[in-house]
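Below you will find the structure I want to go over with you.
Chain IDs A, B, C and D follow the sequence of writing; residue 1 opens each chain.
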Amino acid sequence: MSLTPRRALAGAVLATLLPLTACSSDLPEGPAASGGATSQGSGDGKKKTGDQSKFFVQADYDAQLAMRAKQPTGPADKPWEQAIDPQPVDTAAYKKTGQYHLCFSNAATDNPWRQVGWKTMQAEVALHEEIAEFTVLDAEGKDDKQISDIAELSAKGCDALIVSPNTTATLTPAVKGACPKVPVIVFDRGVQTDCPVTFIKPIGGYAFGADAAEFLIDEVKPGGKVLALRILPGVDVLETRWSAAEIAFDKSELDVVGVEFTDGDAAKTKVVVSDYIQRFGKIDGVWMDAGATSVAAVEAFEDAGVPVPPINGEDQQDFLQKWKDADLTAVAPTYPTYQWRTPVIAALKILKGESVPKVWNLPQPKVTQESLGDYLKPGMPPLHYALCGCEAMPGYPQKWGGK
Amino acid sequence: MGLVLRMTGIGKSFPGARVLSGVDLEVAAGEVHALIGENGAGKSTLMKILAGVHTPDEGTIEIEGRALAFGHPLDAQRAGVSIIYQELTLLPERTVAENVFLGREPVRRGLVDRETMERTTAELLASLGEDSFGPRDLVRRLSVAQQQVVEIVKALSVDARIVVMDEPTAALAEHEVELLYRLVRQLRERGIAVLYISHRLREIFDLADRVTVLKDGAKVATEPIDRITTADLVRLMVGRELTDYYPPRAQRPPGDVLLAVRGGGNDRLDGIDLELRAGEIVGVAGLQGAGRTELVKALFGAEPFTRGEMTPRRPRSVRDGIAAGIGLVTEDRKSEGLALHQSVRDNALLVARARKGRAGGTVLQLLERVRLAPPRPEQEVRYLSGGNQQKVVLAKWLTVAPRVLLFDEPTRGVDVGAKAAIHELVRELADGGMAVLMVSSELPELIGMSDRILVLRDGRIAGRLPAGATEEAVMELAAGS
Amino acid sequence: MRRTLPIFGVLAVLLVAIAVANPYFLELPGFLAFVKRAAPLAILAAGQYFVIVSGEFDLSVGSLVTAEVVIAARLIDGDPGATWPVIALLLVLGALVGLVNGAVTTFLRVPSFITTLGMMLILAGAVFLWTGGAPRGALTEQFRTFGRGDLGPVPWSVLILLAVVAAVVLLMRADFGRTLVATGDNPGAAALSGVRVPLTKTIAFVLSGASAAVCAILLGGFAGVSAQVGQGLEFQAITAVVLGGVVLGGGRGSVVAAIAGAFTLEALFTLLNLYGISGALESAVQGVILIAAIALGALNLPAWAARARATNATTHTTPDPTHAKG
Amino acid sequence: MTQELHTPLPRTSAPRGLRDLGADSPARPVYLALVALTVLAWILFLTDGGQFFSQANTVGILQRSAALGIVAVGQTLVILAGSLDLSVAFLVSLVSLVAAETMAGYGVLPAVGAVLAVSALVGLVNGLVITRLKVHAFIATLGISLIIKGVLDQRYDGPAGSVPESFQHLGYDRVGPVPVSALLWAAIAFAAWFLLRRTTLGYRIYAVGGDPEVARLSGVRTDRVVVAAHVLCALCAGMAGLLLAARLGAGAPTVGSDGGYDLESIAAVVLGGTALAGGRGGVAGTAGGVLLLAVLDSVFNQLEINSFAKDVVRGLVFVAALAIYARRRLAR
């Protein structure tokens, strides 16, 4: 079997390395993005919960935990318009008159959270008749596709480009490429460049993780066995949640007996939890990095015929319902879906020349025993997220699948 | 004449079975050496060892004095061994030239040298007087006969010192056999040694210089052909005298008409008129492509008639045919007859089960009836000899007691002993009141078995002959000369 | 048979290992819990067995399970009265999907690998088009009992599994089963023996679809509504069947062994959890075991033949025209 | 009877280069479909106020299809050889990380070397498991992909490494309207086409896929051929990984699986008229299949069809296309 194929392939490589010198390039200027060091975290290996993920950034962590206490500015009844210590940026440069053409590169609509958010954003767009056109490309969770989508959109003559990046590091070049052509608004996940006009996000994952962990530390007696359930590794927004929890747990008296991945699969979650119940006889607390499978976790305890320990979920209806029905000791930190309204609002502000925060930190409330009543909306689908900020919007609740 | 092949003390065992022991074989340059023996006698194994497909447990092989390395067909090929297998070994989706040079493509500057390939192929085709197709035609497009020619070209294209032919005439009709004879003699003149494996004793007497007989994995004799008779050979092979090779014909006159066709036709057949009566065996002769298989498949409903009258009602599908009491013993057991990995039982009951009907009697009785020995219902059929496999196919049909049974080459690839047994079975069924239609390329068998003979040509019935017609008469009608 | 024996050995070893790590497993409730958790996959594997032994693939069962659960949630929508009608509907729907798979594969002669791959996409897309992206509605307690509840000491899902096993074993001993295997082994010969090959294969697909429906009922019951219940189940089911020594390409292997394969897979997952193998390595271990098991099982048969048969069987169901005599 | 036995055949006299699109070629329908769809797309765009042949759109189409295209070329080789490879998706992820990390540490050329080495190794393992351990390709490559997944989950918790700008040009530069990534794809496709048409390995890939037993009896070392095909397939996946690394500026552990390169590449191959059983088809068809999917995507984009509807349409397209091929094969 001759060498020909390999030689041919090698030739192909060279052939493509040559034109690097010439030709037009869509590659943004400036230093290339860095995915950061690849060493498996830095912290000392003695921690009972294992090393810190490389996603951990002390500064962000401190900032987010501090933000939880701060009073946001803006209309109290519209958290999606509020901001925590905003640094306004001048947007006069982008001022335009008349009708606007907004574009949106969406990472995906492949999970309920994004579904609720996406519906909310569409409703927000419908509220503003000055938006003449709203062009959307769905990357279906493919980085490569989103890169092309962004390139395509920035050539479509949009007045503003909203981006919800599929991953942080990998979308950075594409966003850099778009910035010079059109005002860019990034939300949910960030990118490793400050070229977008504004970056919109709730306080963030550290706050989420910490809220949940602190709740358990308060509720579970010292020495109690805590099981941590994570969806999957490698998702930055989830890694930060766990990082914060790790820190909290390491400081606490609690004994984290296990950290398991559930792939967000309810059945697997239930299996894992019941295995732990069998193995340790008693689990005193459950920490979850996302609410998707918290009901399954609760049921695992019920089916095993043991009391449900303190647990955290998220603002999904099925969990809130369970909480109420089973009268759980629980808390639901949130990653509010109302953040999907803000980018549209921001885009309009920018195009009207009104200033917007450089980093738009949205408040990130948590559902507690007290506020449970306000957030539990009967008639909404089980995987609806309560903090959609959509109750007052036209088409509610049917548009969100409620009745 | 120099010795080309010397095999000494070849022995080989497969899990649970000793197939060859201490076999010696010598073939000289320019000699046609016939190798015969019943199925299971070890012919194919011996050949596969020579081909490098199997590695012998003991013994040595020398080609022109050089010891042959084993392990892969390539080694044998390099040593100048070329094999023409019974089943065609061609790739339908590749061109003739690509097939001829498969595994030995000529290379120039690291690349396949198409020009040479196609030129050489064209020359070889020409040397065989074959002009109906060219090197660039896809094999898929060729008739079976044409593909056989490609096989032979393939063998010639190697500078072979010895050519092994395993049942080369199996897929050929009489006149094509003539073509093959010519080729074999050409090989002999070129000083190539030919090892010729066949069940058809006549061919052996036509072609061979010497004959070696295998029995139960051992060599029983090697004789010059002119010092031996058919009877001797049969005795040597089966170890007993087979005086009357074919069972006696029907004693009673044929009974009522069980199947009749008037003007039957489809895209391959036309104007078929025939009647099959209880108790008679009707032979069908014809050349390759004359429409023999098409005829039985049409009667059976597998490739139905689109025109004409038929009683019972013209079958539109296999199930129609079976429902009408017709059964078909196909030509190719492996691809059309049996589920090789299933047990004898499951194969025997397949038809009955497909009809949700119960088999008449137990499986054992059934196997008794077809004289399957030993009758092991749980054995996987792929481990059975050709003859026994054919008996299982027969048993499959007996479960539903058909009134008409169609045989397509009933003894293809079946050894002499089993042949006789199957011939007797067929006759028994006829005597038992069944109507039998039997296609065969083997004229002696056809003439020996049939109560009357239909000759097909170009999809039509070219003529009808009484029992005991001569081969010449049949060939005349078949070839239309 | 010879080929099916290894799996029972492997399964036994795994079960012992589990028992060592977790004595509770030896008590009835512990063991039943394990069976209960394995039931859905076992049932799905049983269905997949029919398709594989007939020489085809069914890649659509995964998204079929998801679709069924989502549909159930939306149609039942918390109304106890709707439970039984919807369950009936789910079974019909599963069978219907199988029917389409089978018909397209046999009558339109599309390789089942592609047919069911297409069906996988279609189902996943269609069901969420219908519900507007995310599941809505809710399941009732009655519905969930089958996957969650017990009858006395025995979980419903175990009983259902037993029923299914009994049914498929009988089916495989019946005429249908035997002809199905023969069809997978040699479609040509089967056809010429009067077997309705397309029909037989289609029934296999229908059974697979129906088993997916049952699996969905158990999983939905066990874990509730979720947008990704069925994710990856098709590969798990095929893996289980093959672990059971059933040959891809058809004609060989027993349904009991296929079900044992499913249990083996489930036992493996349990074991990995028990020994606290990190979620990360889990799939790696699974991969190794898979290859190892098949390699051991396959070493004693001519693999080329097996592979060739497999690939052929998945494509042209008719004997190659070039082999027919003129 | 002579005319019965000796039916003269029409000479296939098309110039060799064009044989891939000759009347007999399995690739022809996909190109007909491609042309048809393109026209349709062009009209749709006009009515929708877009411009199908605009630079942005054509570049988009090519950019989007390059990676899948390269993987599919490799997939074609293994499928032609009667095998298939489900491990390419995770391999692409793995390789993108290897590339990005090596580049961050040692520069571009070592990275390319490392990538080729890693992917060749994976291909080798695939091939050996199939041929030596005699595991059905479906299971073997499924198992290997699980193993790679495990390694990824274990070793990486997110994008890692970084690709120097000089190398990102591979992902972003254009020669006129043609992205370099597309050129890479074209180069690899041509290399594979050449391999299949003009080298003994290519001939034997067809032989082994067409009928392994026949190939073996004709003296082909079938196992080697299968292994070689798998190595080449993995190398293609490797190139795709390199390309994606250049696009993303880093390696990502999910880029392959999110891209669905395993099943989509197989779908593209059969869409291109290559028989799933092997032995029939070619790279030309695969390229057509990939482009078909890409044009379809750009139509979806223009009409902003939601992703669920896309899946439904894609599923229908696959099945319909294969049904048509089946008809053609039957027609003969």
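The rule we apply is simple: contacts are C-beta pairs under 8 Å (C-beta built on N, C-alpha and C of every residue); 3 or more make two chains touch, one makes a residue touch a chain.
Here the structure is a predicted model, which is why all the values come from computation and not from measurement.
Student: Looking only at C-beta pairs in contact, point me to the busier pair out of B-C and A-D.
Tutor: A-D
Student: If every chain is reduced to the average of its C-alpha atoms, which one ends up farthest from chain A?
Tutor: Result for max centroid distance from chain A is chain B.
Student: With centres defined as the mean C-alpha position, give me the chain B-chain C separation in Å.
Tutor: Here the centre of chain C sits 42 Å away from the centre of chain B.
Student: Averaging only over C-alpha atoms, locate the centres of chain A and chain D and give their separation in whole Å.
Tutor: Computed from C-alpha means, the inter-chain centre distance equals 33 Å.
Student: Provide the C-alpha centroid distance between chain A and chain C, rounded to the nearest whole angstrom.
Tutor: The mean C-alpha positions of chain A and chain C differ by 35 Å.
Student: Find the geometric centre of each of chain C and chain D from their Cα atoms only, then give the gap between the two centres in Å, rounded to an integer.
Tutor: So the centre of chain C lies 29 Å away from the centre of chain D.
Student: Which chain D residues touch at least two other chains?
Tutor: Expected reply: 4, 153, 199-200, 204, 211, 213, 216, 306-307, 310, 332.
Student: Among the residues of chain B, which ones contact at least 2 other chains?
Tutor: Those would be 90, 92, 110-111, 140, 142-143, 145, 288-290.
Student: Enumerate the residues of chain C that touch no fewer than two other chains.
Tutor: Chain C, residues with two or more chain partners: 133, 279-280, 321, 326.
Student: Hey, which residues of chain D end up touching chain B in the complex?
Tutor: Residue positions touching the partner: 1, 4-9, 11-13, 16, 24, 198-200, 202-204, 206-207, 210-211, 213-221, 279-280, 332.
Student: Which bits of chain D are touching chain A when the two form their complex?
Tutor: Touching chain A from chain D are residues 54-57, 59-60, 63-64, 67, 100-101, 104, 112, 116, 153, 156-166, 168-176, 180, 183-184, 187-188, 190-192, 194-195, 199-201, 204, 224-225, 228, 232, 235-236, 239, 244, 247-255, 258-259, 301, 304, 306-307, 310.
Student: Which of the residues in chain C come into contact with chain D in the complex?
Tutor: Against chain D, the touching part of chain C is residues 104, 108-111, 113-115, 117-122, 124-126, 128-129, 133, 235, 238-239, 242, 247-249, 278-288, 290-291, 294-295, 298-299, 301, 303-308, 310-312, 314-316, 321, 326.
Student: Which residues of chain A touch chain D once you look at their complex with the stated criterion?
Tutor: Per the stated touch rule, the residues are 1-2, 4-6, 8-9, 11-13, 15-17, 19-20, 22-27, 31-36, 38, 53-55, 108-110, 135-138, 140-145, 147-149, 151-152, 155-156, 166-173, 177, 232-236, 239.
Student: Would you pull the chain B residues touching chain C in the complex into a rising list?
Tutor: 88, 90, 92, 139-140, 142-145, 147, 171, 288-293, 302, 318-319, 322, 328, 330-332, 335-342, 346-347, 349-351, 353-356, 396
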